[in-house]
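Both complexes shown next keep chain A, but they swap its partner, so chain B is in the first and chain C is in the second.
What follows is the complex of A and B.
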């Protein structure tokens, strides 16, 4: 590093040899107004705002294109320079709208801060009026050429940061503007929608669509909605890129930085990331869940190299329940050096993973393997032990207790006949069938409910041999709470769905059960959150079955002796996982109501951090498991990139799947996975472009 | 959670917030300013300058308006339905505030009127390029920002305040979210709320003013001005004022067309959907009055109509009615813009070959419009019997082409929200002072009554700067007493 010395505005400044005068000044905290300069882009000296005077040189120089030299004496603020900057600015503003008030970039606009800094008004020059149409056809951003000042940053970003050259300066009659080669859509120019151009635009000319980025607290969340939507915060674009590069174990290490169940989630995650995916706006979301499953099936355990367990702290923690929330907490607490024992009521671990989710959706070997990593780390699990009250634990010398007992109590609707013989609840039915216990169902099974659990019940009943399986629920087909996949696969398997029904009673007739229903016209929740149902007149009818299963939600099976405060559905009240009793924490479905596995895992992390802090630790459970990499940002263009369709998984035919509990969804093969991973827009690349500092950020303004 | 401590937290770095921060720091208070966006100046960046009375500029320009006269004018205009003490404090301080700003290095071009019949109270900030225009005031906010920083004020950008904390009956701190999304807790003895109202919150506009943004109200929406301050103050007990929009009519076209819109804001024939005239078009110069009258027409809109002959007149002789905000000086871009608008099918700009066709395109009652134009044309030969519009503006519409622009109520943003007394202390609906809570600027601007006091231009920025300054001074006074007691 060849250091040179120069004097800027009387301040002695050290700089590196390869720096321009502008870079040297900015690095030293001396502000020189600039607009076309961007720290990541090659300088072109176009806006002329960064002019300076250099001793012993004639005229003025644009500081962004003048190399700093040893001994240079530079002035950045003189009347002459001010006058020139004002004029340059006025020329730029002549074709820019006078009013900032209609611009969504107001107060986030570099041009506006320069108007403020230079104090320039556009009143002196004749206004040029171009009236470019505001283009909203792009799925991710708005293009308003009326607000463009032709600084060319977007063109340079596209060319030099990405190697794409999707846009360039164009001319239409006398109007110069920036656009695609043939004036067509970016999708047709094989643009890969990385949005680097939007990131570097200093005005309102290129701006993220409000509807795309609204609803988030931080810019990073808005621009990486996949990561922000993941309850556990997994770095989705990073692991998708690693899968594309064939680095499967590295990808799994990235996932494992946030969750100890990568393969389990690959099978059954609710994939909130996909609902957030920005590619959805282009055509279809990236199939993130399937990619995760693909990588996790090929993990060679690289993550273990960097996984550390802290020295023992001597503190003991008891966890009640070995579901995903309890296991996750236990795992991270052991890694923080605590001694952790899980007490499990049943004879095998996993909670709802094992006794809620049917085997055809989640093979038991997957659960076993991932839990064995947790027990290998040092978590002890004591089976067949139902903790009835917490005193028994405190007498064993535990410093903290974590309740993670889920929502294992199914609910019968309060209607006459709900306790007739042959009427069951979802949790009992699924638990028994999962544990291989005998479940008596007749040949006709009717499930009351329309969520994912209801489908689990119906599809399990089918696999247990019921010949006629149907479901009835309050919601219309379009508004069912179950995932679209479940509905589709259930229908394929021959399950009949009666939508928009409300149930008044269950009757027993000639050895058969009947559910008396009415058709629902509409329903809503009133101000007191009470359900109000309007039925279709004269629509009373009976659905007959041998077995009726309630799948109308679950509540917490909470022993009163625990003495913890609870509310609706026995949900335990907590603040940052701490219950009303000192040293007693709670996590998972028992504090949130029935949610998803990934939410339980995210909660498990939170509870581990809270308990670690309570026990005197720092509460920092984050870890770096994946090796560092520098993502290739030079992504270029790709023929028909925007049109590439989402890869679908294939399923075994219905007749091969409905008489057994084997998994029936075919995982991606390597070729399909790579193809799918290549569809990712790599929205994270944009966040690696440094933010431009504004005049207010510099010490010498 | 990061924790900070200071004497006074100012919420938002717009005109009121900066003035409050500077005046408090001048009295040696430690001040933290929380700003949601990444720049200072807030809505003030769109403006041109504040009101001032009895300033050196007015003396130099031989403008004789006194504080007492201005006060009387203000109170007569508002029918004495606003806090007269607060109005007095503001107006009487305004001249000194201009001097205060000049001492910081702000220069003004002089005292201006907004339109011919208004008083010359508007002190427009002098830009580097000499001639003032839109956004001129943004320079002042650069200078104020620098002045605040020199005094040790810490301005935290991209750090929105989320909650005001109250303990033992007095203000104790603020919770904010910093750049990285982390919570910051700032302990302090006083808070000045100055977040600029709710102009960017259509739901609040609908609930509190009855206008539906995008349908019958097209006010400016400065991003981020979403009523945060009002909500936070309300949470700690602050009372309510009347709510309003700072009205100024406009054409909602998204494409700009500054020349066409500017030409149609001249005192041309103006009709409503019923095809009838509803105002003396000379009043168009008063954008608040115009917005008010539009708001009581069918579908809250009106059409300004000209023809080729009037267009030619403007091209040859320039426009009739000049003001500093609508800065269209000539009609030379008129034809290009009209052509473009018609090609794009702009829903607010129309061209037609006959009055009938114009009626069809605009939805104005055709028979009535024909009759109105006939009457108007014949009035042009004698005088305007209906509204007595100045004969100079009475020009007949003869074609061959006719042009119309549709106007709606619009405005600069919201008015009112937090109830304050004349010491800028926030008070409950029951007039109980909330110890340590101050509000300034648009969040607390309820001094206009039903309509912006356009006869004394520069009011909104003037009230923001002066009430901000008062809030800073009063908060320090409060804290000195409080510390002395402790």
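What follows is the complex of A and C.
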């Protein structure tokens, strides 16, 4: 460090040999105005703002393209230099809109800070305006060439830093501008939507679309919505990149830094990341869930090398329920050095993973393997033990109790006949069938509900042998709460869906059940959150079945003896996982209502941190499991990258899947996975571009 | 250095101004247009300096020059000479500086008096059909894109100055027929107000009244 010495404006400065004069000055806290210079880009000396005078050299030099030399004596602020800078700035401003306040970049604009610093206006010269149409037809960002000052940073970002070669200088008889090769939209001309150009633009010429980045708290969240949308905060772009590079175990280690169930999530995650994916705006989101599954199937356990368990603290924690929330909490608490026992009502672990999610969606071996990693870490699970009140635990000397009992009580609608023989609720039906208990359904099954759980019930019934399976729900086909995939696959399997129905009673006739329905014209929730349904006149009819299954939501099966405060649907009230009772925490669906596995896991992490703190720890459960790597900034050129379509998984034909519980979705093969991983826009690379420091940040201005 | 154009290679225009049958302002404009067309346009002085000068000189050639314009042109030329990365725009800047040195009167005529002494800058000249020469052949009238020429067969044609765009098409046509169309700067020739039969125009003997311009 500091192997040459130079004098800048009378200040003695140490610098490294490979530095330019500008870099040496900036590193020493001496500001030299500059605009086309950017720390991530090669210097070209175009804007002429960084001019300096060097003793014993003729003329003025651009400091960004002049190498620092030992003994150099440099002046950065003479009249001559100021004049040159002012004139350069005046020229740039002559072709830039005069009015700053109407610009979306107002007060966030680098050019504006320079105008301020140099005290320049566009008043002296002729105004040049070219009336470029503002380009809003590209996804993710807006291009407004009227505000461009042609510093060329975007071109260097696109061509030199990234190698994408989508944009370049263009020229006609009267103007220079930045554009695509053929003047077409970016998607059609090699753009890879890495948005490095937007990041380095010093003006309002390139800017993120408001609707894309609004609604986030931090810039990082807005620019990495996949990671921000993941309840557990998984570093999606990082592991997708590792998959692309064939580093599957490293990818799994990245996932495991946030969740202890990579493969489970690969099968059944609600993939909020994909809803956030910025590629969705380009064409289709990256198939993140399938990539996770692909990698997790190929994990060699690299993550274990860096996984640490803290020394024992002597504190004991009891967890009630071995669902994803309880297991996750238990896992991280054990890693913090606490002694953790899970009490499970059933004879096997997993909670909803095992008794809610049907086997054809999540093979039981996957659950068993991932839970065994948790028990291997030291979590004890006591089965067939229903904790009816908390006193029994405190007598065993637990320092903290975590309630993670989920929402295992199906809701029976309060209509006449809802308790007739042959009428079941979703949770009981799925639990019994999952545990291999015999469920007699008869040949006709009618599921009342239109969510994902309703589809689970219907499709399980189909696999159990019911020949006529139908569903009836309040919502229209387009507004069903189930995922589009479930609806499609359900229909493929021959499930009949009766949409827009409301149920008035269940009757028993000649040994079969009938659900009396009316057609729904519209429905809404009034100011008191009460459901109001308007039916179609004279539409009363009866749907017949041997078994009727209510799939109208689940509530918490909360023993009153726990003595914890609860609200609607028995949902336990908590603040940062702490219930109203000291030392009693709650997590998962029982504090949120039925959500998703990944939300339960995220909650599990939060509860573990909260309990660790309560027990005197620091509450820091974050860990580094994956080896460090520096992603390459040079992503290269690929024609029609933006048009690459999302890879679809293939499913077994219907006739091969409806008579068994085997998984029917085929995971990606290596080639497909690499192809899909390559579709990632690598939005995280943009965050590695350093923020530009402004003149106010320097000691010597 | 980004732009490595050769100064000898400015196509279509003399890099130095030659006075014969020429106008320094329109020469400078053409030079700058040629320079802009042939440079990469990446650095600020070369690009914006050239475009700014083009804008100013265009204004001057159309009678919209300001008194301070020449100083700005000189300032820009000096900056380009010192800072531009390519020889092409440096050379052009030096030539324009020389022309201002040598032909300051001509620049001033354009800027201050709004006149083009060489009658080249079309916005600063007017076109007139001399009554004594016009044969009433209709050729110019037929070709005028603005339909600014009135007249009929064997009637002396007259140009409506408000409609004339000074494109010069008529003058090219007439020069091969009867040479009746002329350009004028400050002093306008006398011509008929409206078409009159060929042979009846007496330019002289009207008591010095500039009949052609009377409106």
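Worth pointing out:
The criterion applied here is as follows: the second predicted complex is superposed on the first by the 691 of 701 C-alpha atoms of A that agree within 3 Å, B and C clash if a C-alpha of one lies under 4 Å from a C-alpha of the other, contacts with A are read in each partner's own complex, and residues count from 1 in each chain.
Criterion: a residue touches a chain if its C-beta (ideal position, glycine included) is under 8 Å from a C-beta of that chain, and two chains touch if they have at least 3 such contacts.
None of these values were measured; they are calculated from a predicted model.
When both complexes are superposed on chain A, chain B and chain C sit side by side without a clash. In the superposition on chain A, A:436 makes contact with neither chain B nor chain C. In the superposition on chain A, A:537 contacts neither chain B nor chain C. Contact with chain B, but none with chain C, is seen for A:82 once the two complexes are overlaid on the shared chain.
When both complexes are overlaid on chain A, the residue A:414 reaches neither chain B nor chain C.
By the touch criterion defined above, A:175 reaches chain C but does not reach chain B. More residues of chain A lie in contact with B than with the other chain of the pair chain B and chain C. Legend: residue contacts after superposition of the two complexes on their common chain; A:134 is shown touching chain B, with no touch to chain C.
When the two structures are aligned on the shared chain, A:104 is found in touch with chain B, with no touch to chain C.
By the touch criterion stated above, A:124 is placed in contact with chain B and with chain C alike.
With chain A used as the common frame, chain B approaches chain C to a shortest CA-CA distance of 9 Å. Residues 87, 124 of chain A are contacted both by chain B in one complex and by chain C in the other. Only residues 44-48, 51, 59-60, 84, 87-88, 91-92, 94-95, 124-126, 128, 150, 152, 169, 171, 173-176 of chain A touch chain C when the two sit together in their complex. Listing the residues of chain A that touch chain B in their complex gives 82, 86-87, 89-90, 97-102, 104-109, 112-113, 115-124, 127, 129, 131, 133-134, 146, 217-218, 220-221, 694-696, 701.
Interface of chain B with chain A (complex): residues 37-42, 45-46, 125-136, 138-139, 141-142, 145-146, 155, 157, 177, 180-181, 220-224, 254-259, 327, 333, 336-337, 340-341, 344, 412.
Those residues of chain C that touch chain A in the complex are listed here as 2, 33, 36-37, 40-45, 47-49, 51-52, 55-56, 59, 72, 75-76, 79, 82-83, 85.
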